[in-house]
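Given below, in the form of structure tokens, are the structures.
In the two complexes that follow, chain A is the common piece, with chain B as its partner first and chain C second.
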Partner chain A sequence: MSIHPGTAAKRKAPGSNAPANPAKVRRRSPTRVNPALYLFPLPAVAVVAFFLVMPTLQAFQYAITDWNGFSAAFNYVGVDNFVRAFTKDSLFTNALTNNLKFVLLVVIAQTVFSLVLALLLTKNSRGSILLRALFFFPTILSSVSVAFIWKFIYDPNFGLANSVLRTVGVDGGAYLGNDAQALYWVAVTQVWFHSGQMMVVYIAGLQAIPRELYEAAEMDGANKWQQFKSITWPFVAPATSIVVAYTTVQSFKAFDLILGIAGNPPKAALDILSTRIYSTFANSEFGYAAAQSIIFMAMIALVTWLQRRLLRLTPKGD
Partner chain B sequence: MLTSISRRAILAIYAVIIIVPLTVVAFGSFKSTQELFAGPFSLPQSLSPDNFAEVVGGQNLGSSFMNSAIVTGISVPLTLFLASLAGYGVSRLKGFMSWAIFGFLVLGMAIPAQANMVPLYVLFGRLGLLDNLTGLILANVVSTLPIAVFILGGFMRTLPKELYEASSIDGSGPWKTYSSIALPLSAPSIAAAAIFLFVIHWNELLYPLLFIQSPGNRTLPLALLSFQGEFQTNYPLLFAGVILASLPVVVAYVFLQRYFVAGITAGASKG
Partner chain C sequence: MSQISRRQAVALLGALGFGAAAAACAGPGGSTAPGGASGPAAPSTGAVTGKVSFAHWRGEDKAVFDELIKRFAAKHDGVEIAQDISTSNDYNAQALQKLRGGSIGDAFATFRGSQFKNFTEAGIYTELKDSKAVGNYQKGLLSAGRNGDSQLGLPYQVVFPMPMANVDLFDKAGAEIAPKNWDAFLGMCEKLASAGVIPISWPGGDVGNGGQLFNCMIANNAPVDDMCAQIEQGKLKCTDDWFLKMLGQYKDLAPFVQPNATGTAVEPAQNLFSQGKAAMLATGSYHIAAVRGLGAKFPIDLVFPNTTSDGNGKYEGAYNATFILGVNSASKNQAAAAAWIDFLSEPENAGYYANQTAQHVSVDKVEYTNPDLKRLSPWLQKKTALAARFQFNNLDVRNAVEASATAVISGTSPEQAAAAAQKIVDERL
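After this line comes the complex of A and B, so read on.
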């Protein structure tokens, strides 16, 4: 840090009884910090440290053991749990693949769909305010409720989807019963569940765009697509990075929805990382479950980081 | 970009995709299984509350409802209280310490619940917090405190400093300034955070699943999940459960719709 001669001079300038140390000068100013203020964040800091940060650090310790959660004795096994997850445990690699596929599907579908909805409902007319409220509604339901609703829609015999298809003379599918498709149908449910929430984030972004830009563009003869490309998109890029990041974390954590729709434990076709960790934990493999949860956390961090890098390429991004 | 007709068509189709399942669930909760399968769209023959009576009485959903009400009723204000204290402290502290404390608290948002559930389960076991509502409350508070601090602290930082200074010149201590200046002025962000937390805590499933063993201590989402196993295709009963579990949030949504959007997007756009 280079010291600007002017500032240095000014700090030393005041009368003979002023202390030379600038820090002390600051503390004597009328806006000095009352030490009692440190007490305010203290309860929150203590709670977070003891029940959030400490257990997370402990997870790293458990992850290198073969502890079963009950016996006092356990061994440190180094990276064995991590090696096992990636090389010997097809249940885990299956859940990992499913999870990445699910996140990719949901992020793409939900981002595009919620942007389309937002674009269609930007105007503050009565109708669009009503529709916004309706589309947002599923977000407030519990995942288990949403799971039950969609379990009924997908029920091959009595379900809503096939009832509708039968009336037009089409044979419906098995949906969740079909292992090759099951994950896609849950992705549809997830998009139904949360698109309204992301739509609202986009609407906030869209409403910040000055109207004059469109008027000017129209006078210049720009068509709707050109207006979208050079005005709307640059402005919604920040909203997009929020939507993508939030949707990623949300779909990584689709735990509740999967358990509700597929039962506990879910079948292999619907097993994702969070449900796999829970099964491992329920199977009393505490050390191994901790290792899986660290991989889970690293996965989320990695995907989020990758997205931030990719999204930075878009104009006005980040 | 889109013609008016295709715009209307998309919106109408999606409205149908939202409304129809919800209507079928509402109607279905009054039907028998046979009646539901015969015609999912038809109006129920009678508005008999049999399904509701069965899920409330027979399936213990009544006591689960109470448990959820207790857990949510304590978790939300407690989280808000701790978060507003922290937010206030951070907004008045300066320099590195303010930044460090805020950063420490908010960093917790990056920790997914599954990442620390094993050690938390062990810790709760040692503290005697398994299979009781206190443990659930604590878990709820801890897991949402970071984002609540983020929302409230972020808001309190935007309050004009002069108000605090004026208050302390008037002789108020930090506690008085917190309770009579910072809290009332932060009402909009507290309301938004309250609704956001209400939805999360009311619908929370992982912690009850981890920590609760006895049926009498189940919260609603857990009770619902467990009778999915027992009543695989008794959809009318599941629907009655869904309606009962959703009722408080839906009623609140109908009246406070605007605030819900503000609350949940405050969470979304900053989460």
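After this line comes the complex of A and C, so read on.
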């Protein structure tokens, strides 16, 4: 049986207080393990490397080329694609503006709406459980189905919205056909689609609040608003942080919903960053589309980071 | 089993990571582009056997192609053809990447315009000019598949991107189905509106289908036949008088399209027409099958919005030659793929395809038995302009230019709409 050198180095000579070899003792010996153990993470590492790391690195490389996606010939153009996006491409800046507007609309509306829903439906009565299920239902639908359902609702000729309005003698609008309003109507769809999911996050937070706090507050004469401000909000604030971050990323990437509801390509009033990137790829401008993707990625990272910094809704300390 | 240290394991993972990074840094495009400087070659010859992948986007034609595949297989022992069908959007975005490897799309179809150009530049096509198939086509309809001296693709379908008309409603309203000039066209719309129907059902909420009317509106307005190519190159401008005149004519149409037309998707627009609520559907003959599927029983004809004031326009209509068939240069079974294209191009088989799908074909000597095709066949002989919107190679430019018409219908002034479109064109020059 062989003796592990590390083990031998740690042994003292009999009758001596000095280490056998001080240098060896200080050096941390490598632990020898069965190599089979290292095989376990390999599939995950391979998947991450091939489907995340490599494409990301490639995107960075393509972003500085004028590659059209098909030919072997291309030129390195440095930061031209990035400069073009912000200075010579009004379709990109329009998509960026639309996207920021869409994110802002959805984040505010969805956060407020899902919190109100959660407050109304926290009780475990039969009625509120049914309503919770109803509000959660859209979440289990595919985004393409949601897009088609709402496309039908908004249709000016046969759609549900105008049909209902006509019964009360009101002429409905063009909804998605009205450039000034189209983004708002898609935001309504997005809020309807995801609020149930966010409601569940809030309900989980609300149900963790000890009932005794409310009982004590009532005994002290606190009204509902004071109870919300002093008890409910501090408890659900961390959940709000999660809801806002999640909703932000979700609304930045509302690609499938927009494409489903507005068609491909969407008109300028409904073009957001992800659909613009898709159009640029389809237009055989791979290098430029890669640069747009990097800007998109940076934008999401920046907005998410800013939110975390500005909201600071997670209570500190214990 | 020998053991390795943690350091060795980390080094191994690091090497793997470095390898991935290095692989990622390989030049884009690589050297896999098929074809080469020598130009396209004819498909290789040999036994017509083995598996052939036929890639296209017309899911609605699947059953018809299945029957044709059965007939083809009966003629050739051991040949098997599988249809690889994508949606048209996906096909536009991904087909080229899929076809380059040669594993799918031994035989394939492309859209006319930017897609055909991209495929040509990528060297996907083989040369078909000496093929048996070419001789079966009407010579004048092959140009959409030509690149220089090469005949790379065979445009299979002939469609008319012109408003379809419900002949019964026209008769009832006493409206002229072949207006000679713009005033006559507007007069016809007035009569239809007075008869209580929507004159034009226009899917303004659908960029692709809503844009087809543009082919008619621009045909006799533009000073040259390659007007869209020249707009894209900056030689003609959307702010030119002729273009503004055309946008003004779109403005004339606004009272005659259905309310909120800019928010109408293609299916509701088809419904308005097939239910007899609208007299015209401003998409094209390619929607005949869909309209019939929705229950339309009335006779259908085509109407050309002749935009001239004196009726002396160069063109009497617009057509498009599309669904361009080709044989993949990366295919390992070119002989069977080419035989399949030859088979589709025989008048009998092209006739079967046409009559079953209600699409005219560019193959010569085809007998049309479908009542709609028979009724519309005279249009094949008229002086029609090749649909201009497919001259655009940049899709952003095409969408921006066509969006100027949509903007005018929704109330923007022609000058403002034209300036907005020209801004996008200038950015892409």
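Please note the rule applied: the second predicted complex is superposed on the first by the 275 of 318 C-alpha atoms of A that agree within 3 Å, B and C clash if a C-alpha of one lies under 4 Å from a C-alpha of the other, contacts with A are read in each partner's own complex, and residues count from 1 in each chain.
We adopt the following convention: a residue touches a chain if its C-beta (ideal position, glycine included) is under 8 Å from a C-beta of that chain, and two chains touch if they have at least 3 such contacts.
The model shown is predicted, which means the values in this text are computed figures rather than measured ones.
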Which superposed partner A:I140 touches (first chain B, second chain C, both, neither)
first
On the A-aligned overlay, A:V33 touches which partner chain: chain B = first, chain C = second, or both, or neither?
both
Should A:P43 be classified as contacting the first partner (chain B), the second (chain C), both, or neither?
first
By the touch definition at the top of the document, which applies to A:I149: first (chain B), second (chain C), both, or neither?
first
Would you sort A:A237 into first (chain B), second (chain C), both or neither based on which partner it touches?
neither
Just to be sure I read the superposition right, which of the two partners does A:F286 touch: chain B = first, chain C = second, or both, or neither?
both
Hey, is it chain B or chain C that touches more of chain A?
B
Counting only touches as set out at the top, which of chain B and chain C does A:A72 meet: first, second, both, neither?
second
Which holds for A:P265: it touches chain B only (first), chain C only (second), both, or neither?
second
One more residue to check, A:A204. First (chain B), second (chain C), both or neither?
first
Would you please give the residues of chain A that touch chain B in one complex and also touch chain C in the other complex?
30-31, 33-34, 36, 38, 45, 49, 53-56, 58, 62, 69, 151, 155, 157-158, 263-264, 278, 281, 286
Applying the document's contact rule, which stretches of chain A touch chain C when the two form their complex?
30-36, 38, 45-46, 49-50, 53-58, 61-62, 65, 67-74, 88-91, 151, 154-158, 172-179, 263-268, 278-284, 286-287
With touch defined as at the start, can you tell me which chain C residues reach chain A in the complex?
1-7, 9, 12-13, 16-17, 20-21, 23-25, 27-33, 89, 92-93, 96-97, 100, 114, 118, 121-122, 204-208, 258-265, 268, 271-272, 394-396, 399-400, 403, 406-407, 410, 423-424, 427
Which of the residues in chain A end up touching chain B in this complex?
30-31, 33-34, 36-45, 47-49, 51-56, 58-59, 62, 69, 116-117, 119-121, 131-145, 147-153, 155, 157-158, 160, 163, 192, 197-198, 200-201, 204, 224-225, 227-228, 239, 242, 246, 249, 252-253, 255-256, 259-260, 263-264, 273-274, 277-278, 281, 286, 289-290, 293-294, 296-297, 300-301
Enumerate the contact residues on chain B facing chain A in the complex.
1-2, 7, 10-11, 14-15, 17-22, 24-25, 28, 36-37, 40, 82-83, 85-86, 88-90, 92-94, 97, 101, 104-105, 108, 110-123, 138-139, 141-143, 145-146, 149, 161, 165, 168, 173-175, 178, 199, 202-203, 205-206, 209-210, 220-221, 224-225, 228-229, 233, 235, 238-239, 241-242, 245-246, 249-250, 253, 257, 260-261, 264-265, 268-269, 271
